[in-house]
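First chain A sits with chain B, and in the next complex the same chain sits with chain C.
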Partner chain A sequence: MSGQHIFLELILMPLLAFMIGLFLVLMMRKVRARIERRVGPPFLQPLWDIIKLYVKKMQISHGVIHDLGIIMLLGGYITAEVFLPVPGMSGFTSQGDIITLIYLMMVPSLGLALGVGQCANPNGSIGISRALTAMLAYDIPFIVVIAGACLYYGTTDLTEIIALQKSQQWGLLSMPILALAGLIAIHAMLGKEPFEIYVAPAEIATGPMVEMSGKYLGSLFVMQCLQIYTITVLYTSLFLGGGYTWFDFIPKLFLVALLPVMITVIFPRYKTDDVLRWLWKWPTGLALLGLAIVVLQG
Partner chain B sequence: MKDVIPIQTNNTETIAVSKNSKNIYQQAIDTFSNFCRARSLFVLHYCTGCGAIELPPAMTSRFDMERLGIQPMVTPRQADILLITGYVSIKTLKRVILTYEQMQGPKYVIGICSCTVNGGMYWQSYATAKVLSEYLPVDMYIAGCMPRPEAVLTGLQQLMKKIEKGEANSWENYFKRYDYYLGNQQHLFGDTWHTPTDILEEARHYHLYGAESTGNNTARLIKYTVEHDLTKLDAPLREKDSMTKRGKK
Partner chain C sequence: MSVLDLDHVFFLLIVNIGIAVLWGNRPFVGKILTLLYILEGLSILTSYHVLLSGAVLSSSLTFTVMQQTVQWQLGVSGGFFALITFMAAGLATWFSSGVWARSYAPIRLLHSYMALNVAAMLLLLASNDFLGLFIAWELVSLVSFLIIAINGGRSAKAAYSYILYAFLGAMAILLALIIIWNATNSFSYVEVRHHWSTMSVNRQLIVVLLLITGFGIKMAILPFHRWQAPAYAYVPAPVAAFLGAISSRMGLFALFIVLLQVVGIDVIQTLWLPFEIINMQTFLLWLAALTLIIPTFIALRQTDARLLLAWHGIGQGGFMLLGILSANALGTAGGIMHVFNHASYQAALFFAVFSVSYRTGTADLDRLGGLVTRMPISFTVMLVGIIGLAGLPPMNGFVSKWLIYKALLDEGMPLLFLAAVIGTLGTILSVYKLIHNTFLGQLRLEHENIKEVPWSMSIPMMILASIVFITGYFPGLLLESIAAMQSTLGISVVDYHLGGVNTGKGNLNMIVVVSTMLMAIGMGALIFFVLGNPRKQVTQWDNYAGGHFLTSDMRYQYSHNFYPGLMRVISPLYRNTIFWLESAIVSTVQFMAHISYALFMQANYLLYLILLVVISLLWVLAV
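Take a look at the complex of A and B:
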């Protein structure tokens, strides 16, 4: 692969991730609005929100770590995008496998913790402690799911996993229990109800976002786009066979994002300890069962 | 103490900013920025008055603010619009001012109900602030007792048009004419009134410092903060008539 080609991919992959992420966010808001029998936001609303936040005339920084934390959380996801294979582009997928990707997906939470820590707002501190607790809760089933999938396919390389699914069958069919556990885990990763403990607008005033204004909040909105994209692409690659072309790849992403949104609206919010207890009991139990089946089959 | 500081009721028209200094690219960027600002408004509700009851139908399925790009936010840092529904008592006004000063410009204030316009049915009360625009730069009043959700949405749409034309700049007045607003605030709260936000320093930083930013009232504030050691003494920019930083209360 030529240097020019890889350079182009390094720019295109995060850019495409952001653009698809915008539409994923739009779909989530639109579906939520329709379920609540509202019209919902206009087509380019997520983009207007982000541009508006970046062109605010006053910006409050709470210090160097606040700025660095925001860069860290954006950087974590932007780097994660080049390790995610999409149709036609594989970036650094063969150099860094799925374990690198899991590491990179934890960087944004830590960046957020650093940045919010300097705001010295009690709501923010509570929010970030809840966010890290939630990460502890959903990462256990998520990592067991990924371990099970990698054991089944016999590789940690995402491009190889996708190629194997194309020649045999989708992961969803060959290991349905792991796929179900993974779906619950990504619901928690997206921070939707009933796992919305760290945003909780009525309780801790949006938690980590409480002191964010202007471009800082705008960066969090960009992060949300990239987060949804990263999670859905990872799930699609593991269980839905990745994409042959963009035309079947993008509908799969929207389907994966749609499932949590469809059921999230009917739920209230769990308490923090209940989230931990529930996620360590049911999805972790399912994931361990799926892992056991994979090991026994193997 | 309240007798010492008279209320000031001079005109509150926006001080014009010269647009000649901008070249065509800056104008294009400004136009696009205003276009985006008008399409994405985050609202912070300050609902202690009765007008608050008209906002849930404006937000939910009957009228649905989100189709206009307006959504509720929960902290002043994130919000663009401060929506004040109904009367503001003197105690409430202190909180409203603290909230307003924490918001990031461009920021807009909307007064809903007659009580914010002229005191409404509370005009004889000793405990309410009568005219909101004497204490904060108000962009839009939506009169009525109470205005229906249609009126609220019409008001918001008029504000959106103003923003798109680049005319909703009254938030700059709070910096340019801080002396006037501070004087009226002191009239109600006494001359020990001070907030954690240093408006004069912010005005300097964002180039919004004008001839009317300082005056007798800001001098009173500076005197108070210096006497009570609320100033940061090591700040290099400190001058005779200015105050660089104020500590928390």
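Take a look at the complex of A and C:
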């Protein structure tokens, strides 16, 4: 790869991720609105929201770490995008495997946690405490799923995993139980009901967002777009054979994001303890079962 | 460049001890000692290329007993650990050399014990047979006891329980050595390895278990994990950093030598525990995994920053053992690399925590907060340290942990991989609590006028933090010596380059990862700072409080019991069984000690002795 090519990918991959993420957010909000018998936002609403927040006159900073946390959070996801293979572009996937990617995805959480911590608002700190607890809850089934998939494919290189699925069959068909457990885990990862303990507007005043206004909140919106994109691409790469072209890749992403959204609206919110118990019981149990099947198949 | 032999290093160490003992109280001695440690480290570093090629640095010291010639020579593994030791000791002494020393009365004692510790450790690292190893091991135990007990009070109590464990460990090792001697008539590593198979399988099993008990006690593997955290937490700052960085790794070094060099991982793989329930390797791997998980989750519950770090030190020891026992080139490399990485960030973290307690007078996580505006350097060091300890990119902790995860996945051990990740997740939760409760959140009124620590304390911290970052950026710097270690031991060698490793089934190139991260963070900064309107900074009282006004006397900080939801779920698992058992044993021994002391101090103790003799005579006659 030439230097120019790499540079292009470095810019293009996060940018595409952001744009697709915007549409994923739009879709989620639309679907939610339709289930609640509302019309829902217009086409460019997610983008206008971000622009509006960035150009607000009042931009309240609570200190250097508040700003630094936001930068770390954006930077963490931008990095993650470059390590996610998409049709036509593989970025640096050959230089950092899926384990690297999972840990890169934790960097934004740390950034958010640091930024919120500096705000000195207990609502925010409680939100972070709950968010990290939720991370411990959903990452355990998720890691079992990753371990099972890596064991099945015999590699941790995402491009190879996708190539193997294209030549044989999709992970969804060869490891249905793991795929199901993974779907539940990403539902929790997206922070949708019933797992949205760390937002909980009625209890802790939206938790991490409590002191975020203006472009701080706008950056969190950007992060949400990138987060949904990252998680759906990761799931698609593991179980839906990645993308042959962009024309089948994007519908797959929307499908993966659609499934949690369609059921999330009917749920209330779990207590923190119940999130832990539920996620450690059902998806983890399923994932371990799927792992056992993978191991026994050899 | 002339190649130094080990005698020079030993000579420098003796000079070191001499200066510390004779002039330890003088104001400039700390700086001289720091220079000496750096000189010793450099003298090994200058001849490091010799070690890398597989040669050894020998010493002319030698003695012969029972036809066994004991001599000292430093190989590449010993050299690697020795470099870490000198780094830790040098920076710890530097930290204590300036303003800090004025507030610490027994500074001479501290310098002398530190120098003794380093010397004993070097003897251990340079030992070349079981006899030398055992002698050095006992020396290390003794001087560690001294340095742990230096403050008296709680740390003396911890030192007491440590010395009991150390006795147990020493007895175990001695027993193992007796069995080995009986079977092989030799103490040299090569001979023992050669004659290893002449022992019956049961003997082999017992020897391996005894050695793991003996050496494992030093690194506080389960179920001997209780002593370490209080022993390492309640000591002065430089001692805590030094002990936390390297002291307990001596146990790992000995285990590394025994398991990989003498016994061989292939033998461990073929040994089975009684009734063939479980393979020795699997058993040890799970022991390591539990040593990772249980102390990590004990750390999560601590409210004292020093104890929290000390408990993590035990947990990360489990990580190293997990890597070394994985019998995979990547895993072994990760395990050994984690020794260095852990030493660097653990020392940095201890320095940061002790800097805070130097200024505020407390390390209680419920009594701090918001110090980032007052102590930005300590904050940065702690941030780098916790990213390293949590094992997130771009710091060095990530690289070693990645190698271990990858090894466990490659060897087809998904559950151990899960255990390792659970340990990491617990660490992330716990270190966030550490940095949040210390540096983030609300600044307390009484800390309004706190200042950053003086340069003599902040420079060593910053050096450590940059080491954490640089070895994360270029892990090949460390992997070079690890690959040399692997080839001298005759195990499979990791395929490395400056940026990481190539496995063919998933690679890691930290240069690319970290450069991308730096660039992405630059992009994030560009998005955040250039776009949108300028920011306005507000005080911590300008906060959302549900319609109330915040005033400076109002405590508005969330710190105690940081993870209540999680604790409600997992607290039934904290049973403290081993804690009760250990306190019972320690109390019993102390009770016995008190009785014998009381008897001995009686003026008429002869009477008791005569009574004892008469009673035993009567008993003998009656039987």
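Worth pointing out:
Note that in this section the second predicted complex is superposed on the first by the 298 of 298 C-alpha atoms of A that agree within 3 Å, B and C clash if a C-alpha of one lies under 4 Å from a C-alpha of the other, contacts with A are read in each partner's own complex, and residues count from 1 in each chain.
Convention: a contact is a pair of C-beta atoms (placed from the backbone, for glycine too) under 8 Å apart; a residue touches a chain by one contact, two chains touch by 3 or more.
Model, not experiment: these values are computed from the prediction.
Once the two complexes are overlaid on the shared chain, A:12 sits clear of chain B and of chain C alike. By the document's definition of touching, neither partner reaches A:265: not chain B, not chain C. In the superposition on chain A, A:276 contacts chain C only, with no contact to chain B. Within the superposed three-chain model, A:210 lies in touch with chain B and with chain C [touch as defined at top]. In the superposition on chain A, A:289 contacts neither chain B nor chain C. In the superposition on chain A, A:48 contacts chain B only, with no contact to chain C. Contacts of A:61 after superposition: chain C is touched, whereas chain B is not reached. In the superposition on chain A, A:70 contacts chain C only, with no contact to chain B. Taking chain B and chain C in turn and counting the residues of chain A each one touches, the greater count comes from C.
Looking at chain A, you'll find residues 53, 55-60, 205, 210-211, 214 touch chain B in one structure and chain C in the other. Chain C contributes residues 369-370, 372-373, 379, 383, 387, 390-393, 398, 402, 405-406, 409, 412, 414, 417-418, 421-422, 425-426, 428-429, 432, 435-436, 439-443, 499, 505-509, 512-513, 516-517, 519-525, 527-529, 531-538, 540, 542-546, 556-559, 562-566, 568-569 to its touches with chain A in the complex.
Against chain A, the residues of chain B that register as touching in their complex are 32-33, 36-37, 39-40, 60-61, 64, 66-67, 69, 71, 73-75, 77-78, 80, 104-106, 202, 206. Remark: chain A residues 10, 14, 53-65, 67, 70-76, 78-79, 82-83, 92, 94-100, 103-104, 106-107, 110, 113-114, 117-123, 125-126, 128-130, 132-133, 135-136, 139-140, 143-144, 147-148, 150-151, 154-157, 160, 197, 205, 210-211, 214-215, 218-219, 222, 271-273, 275-277, 291, 295 touch chain C in the complex. Those residues of chain A lying in contact with chain B across their complex are 29, 33, 36-42, 44-45, 48-49, 51-53, 55-60, 201-202, 205-206, 209-214, 217.
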